[in-house]
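In what comes next, chain A is part of two complexes: it sits with chain B in the first one and with chain C in the second one.
Up next, the complex of A and B:
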């Protein structure tokens, strides 16, 4: 007798309607979207219950319905889209300049022994000065302007990126470099075809870390500089005691970052790590 | 996520450039190479400011910053601000470790709970810290508690998430072996789950402290009347750039000390002990 396969079992299970529902449910809960978004449902219900039962005073804690109304209201007035695009523009400027400065600097420090000797302790030190501590002096220099906010974000992104590039270059196996050299590749070709791709996984990780810090710096800068943006919106709402707007701001920030991380940064990192990291592992296994 | 983060935050230069710190001479040499760039930076700074005649309102001279630090020390402000900041970080970090570790390990021990909480935690990590400042000041007022809350909050989610990941990385045979030998729940926690998760926990601690430290500075700027962030903010209002730069330098030195004296030894001990050296270096 042949043992029934999984497919046969599934088919047998679908015979009764209740079983069919169970199979369908299992299939649905296995999809990524449900697994990612599902846990938020009970949390929102709990949140709603806590607000309805007034576990906390209403002046400090509002339910999802109030936040939703606030969201629709601010969308209609055009306040939220305006602030959001302000924040995202700043972030985009910061990321752009951060990458433009950080990547070349990282490879320079990684490739030149002298550059490394002279800058490594400084890099550690400047990374240690929390980016937000730069805000006061930056405001003195540039006033309450886009430049001030961009400066802080660039600063935040550059240092983790440089450190990541250096550690990435160090992880490139020396044998690969030697092999390429002995096959007659020039220094430039080795750099472009061996070292840069080999360092990519770490660079991707560094970009992700840097952006995580940059994102926080943006919020802090908007709160402190306080002209526009989602951070400013939250703090302004706090000043007048509008809790639902503060909650809304937090949710918008969380959703935005989560989406960016899950849809852009994580796939990018996975792609580089899988392409370059796993290949090396396979080679090592041979 | 955690592994790459730890790797990018961790290592210094090895091999080719950094002289090995073996023996008194080696250590002296490495100290020299560590301090030389700072000395060069100070010289460049002094020369540039003197040559361009930059007014103190824009950028102070090296000596101004030095005397600002001396003044802060003499008036006792330095110790007061330092004490306030360090106390807040300390209390916040202790609270975070005490709450996040049991929570994260309990979550990690159950695959279902872990699957349920992972997206929630990732969402919360991305939101933690500074984004909570408005609501924290609303709930707790412009007070010490609000700042401590921010530090705790910034660290809690990163620590929980990494503790969860750490438990999941423990080889299943170890857990099964312990269980089949009749290990109780409490012993399981202390002798298998907690030590097994430690390398990842330390990574989480580093990430969390990084967020917490930034959150501290931001929260102090916004919501307190003591601490280094507040000193910065106060000096900026009166355009005392020498005090601003001095405070920034102190913040940097403090973090470096924290990194060297607390985080790196912890990392070395846990990670090397559990044979995961290759992950970090």
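Up next, the complex of A and C:
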């Protein structure tokens, strides 16, 4: 559709009320906030209705208003900011070390035949031991500490990342490597200039999956190791029967992940693989 | 002077599915002089592209030698620039990669890149990524990338095969113009007889597998060439018909396409 100029829109708007409404709708839906929050409106409405009509007993199912009150209360007391910063610190450590280990390891396994032969069975074996299955022994080793949580997050991030890097490197077209070689690039140059960017769509996907896993592992670890953090907050609230705090915790998780995606992952992909036309643009709204 | 010397080239490989030894190239010998445009033609599956891949150093031959400027070559190198059928441009690059590999300073690199973009008719497109260019433009860029690198030989692997007929004609004419202007040494793989005759000084005609050189046909048509004028010459048709005959004859005599030993 060819978008008319704003002047044309304004003139059209003065004609009929229905037109005016249509123009207003188009203007509003063009803004980022509406695009981001719009899909949540019906869900919140349904949620609110379910709570108001007491479809479930109020002790088990609270409405948006109760959660909002809880949110403001916890913010004022400083509990939520404290827990949030604890969770985010753990996540940052976990992600940092996870990427630092996973990316080089992935490229090493992908590039070297003997490294692959040596590590592939190990990778598959250890991938099968779920992140949380490590918690018992990790707690024995490191106690209820940042190290224990970091270990579990790193563990969950590394495996999907390594597998993604390997498949990414395999996807680099042979012709591109050949082209670079016949333009005079040596092995190292081919790696830096061709293999790494060529594998980037898959690597970006691997980072996305890895972070998603890491995020879930963090919450699981906090629930089990639990001394602080959003996961701990939710589980602790369940213990004392404070349903609104549990709801709040779930919402906080969703919002944080969305923010991470919108502020870090999506811009990175827009600047690289989407700009280079290597993947279709994720969606019009981004 | 001889730019490219191919002697006694042979390629055997083991079919990974059946385990049979297959002779793809029986014995291929020819030369390309400096500033000469030589095409290679043959029935499909005769190993034309394999010959190019061996010259480029992408594939190892079973026997025979490849000499560039009198020196035996082994593995890929910047002395043999390749224009690929599917262009093989780097999706993430806009700059002149090969020139950076040569260690040429940035300012000079830009100058050379712009000069060659203009040469192939892409002036003003220097900041575009490959996916923002049409198929024909990508192939022009592929040619510019190789010429800018000043290789001893430009190897072209059916560069216009997957391009629509109209654009192809234009690209063939522009390639001829660039060739007549710059006189690079070109080795050109194709399955299109008219294209080979129009572009080349000589055409190497291969037989079916295991391929040998059936004949090296000299194309003694005047330059500069243009599609309408050149293809209308009686000599053009004569040469094209001669090659057509060679190719169909080769098919009859060699029997089955695959010769397993």
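What we mean here is this: the second predicted complex is superposed on the first by the 246 of 286 C-alpha atoms of A that agree within 3 Å, B and C clash if a C-alpha of one lies under 4 Å from a C-alpha of the other, contacts with A are read in each partner's own complex, and residues count from 1 in each chain.
In the analysis below, a residue touches a chain if its C-beta (ideal position, glycine included) is under 8 Å from a C-beta of that chain, and two chains touch if they have at least 3 such contacts.
Note that this is a predicted model, so its numbers are computed, not measured.
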Partner chain in contact with A:63 - chain B first, chain C second, else both or neither: neither
Touched partner set for A:173, first chain B, second chain C, both or neither: second
Partner chain in contact with A:116 - chain B first, chain C second, else both or neither: first
First, second, both or neither for A:94, with chain B first and chain C second: neither
Partner chain in contact with A:106 - chain B first, chain C second, else both or neither: neither
If touched residues of chain A are counted for chain B and for chain C, the larger one: B
Which of chain B and chain C A:183 touches, first, second, both or neither: second
Which of chain B and chain C A:214 touches, first, second, both or neither: neither
Touching partner for A:229 - first (chain B), second (chain C), both, neither: neither
Where chain A meets both chain C and chain B, residue numbers: none
Of chain A, residues touching chain C in the complex: 173, 175-176, 178-185, 189, 193-194, 197-198, 200, 272, 275-278
Complex interface listing, chain A residues touching chain B: 35-40, 43, 60, 113, 116-122, 124-126, 128-137, 139-141, 160, 163-164, 166-167, 170, 201-202, 204-206, 208-209, 212-213, 215-217, 219-220, 223-224, 231, 234-235, 237-238, 241, 243, 246-247, 249-250, 253-254, 257-258, 261-262, 266, 269, 273
Residue ranges of chain C in contact with chain A within the complex: 56-58, 75-78, 80-82, 84, 86, 88-93, 97-98, 101-102, 129-132, 145, 149, 155
Contact set on chain B toward chain A in their complex: 1, 4-5, 7-18, 33-38, 40-41, 57-58, 115-120, 122-124, 126-127, 129-135, 137-139, 210-211, 213-215, 217-218, 221-222, 228-229, 232-233, 235-236, 239, 241, 244-245, 247-249, 251-256, 259
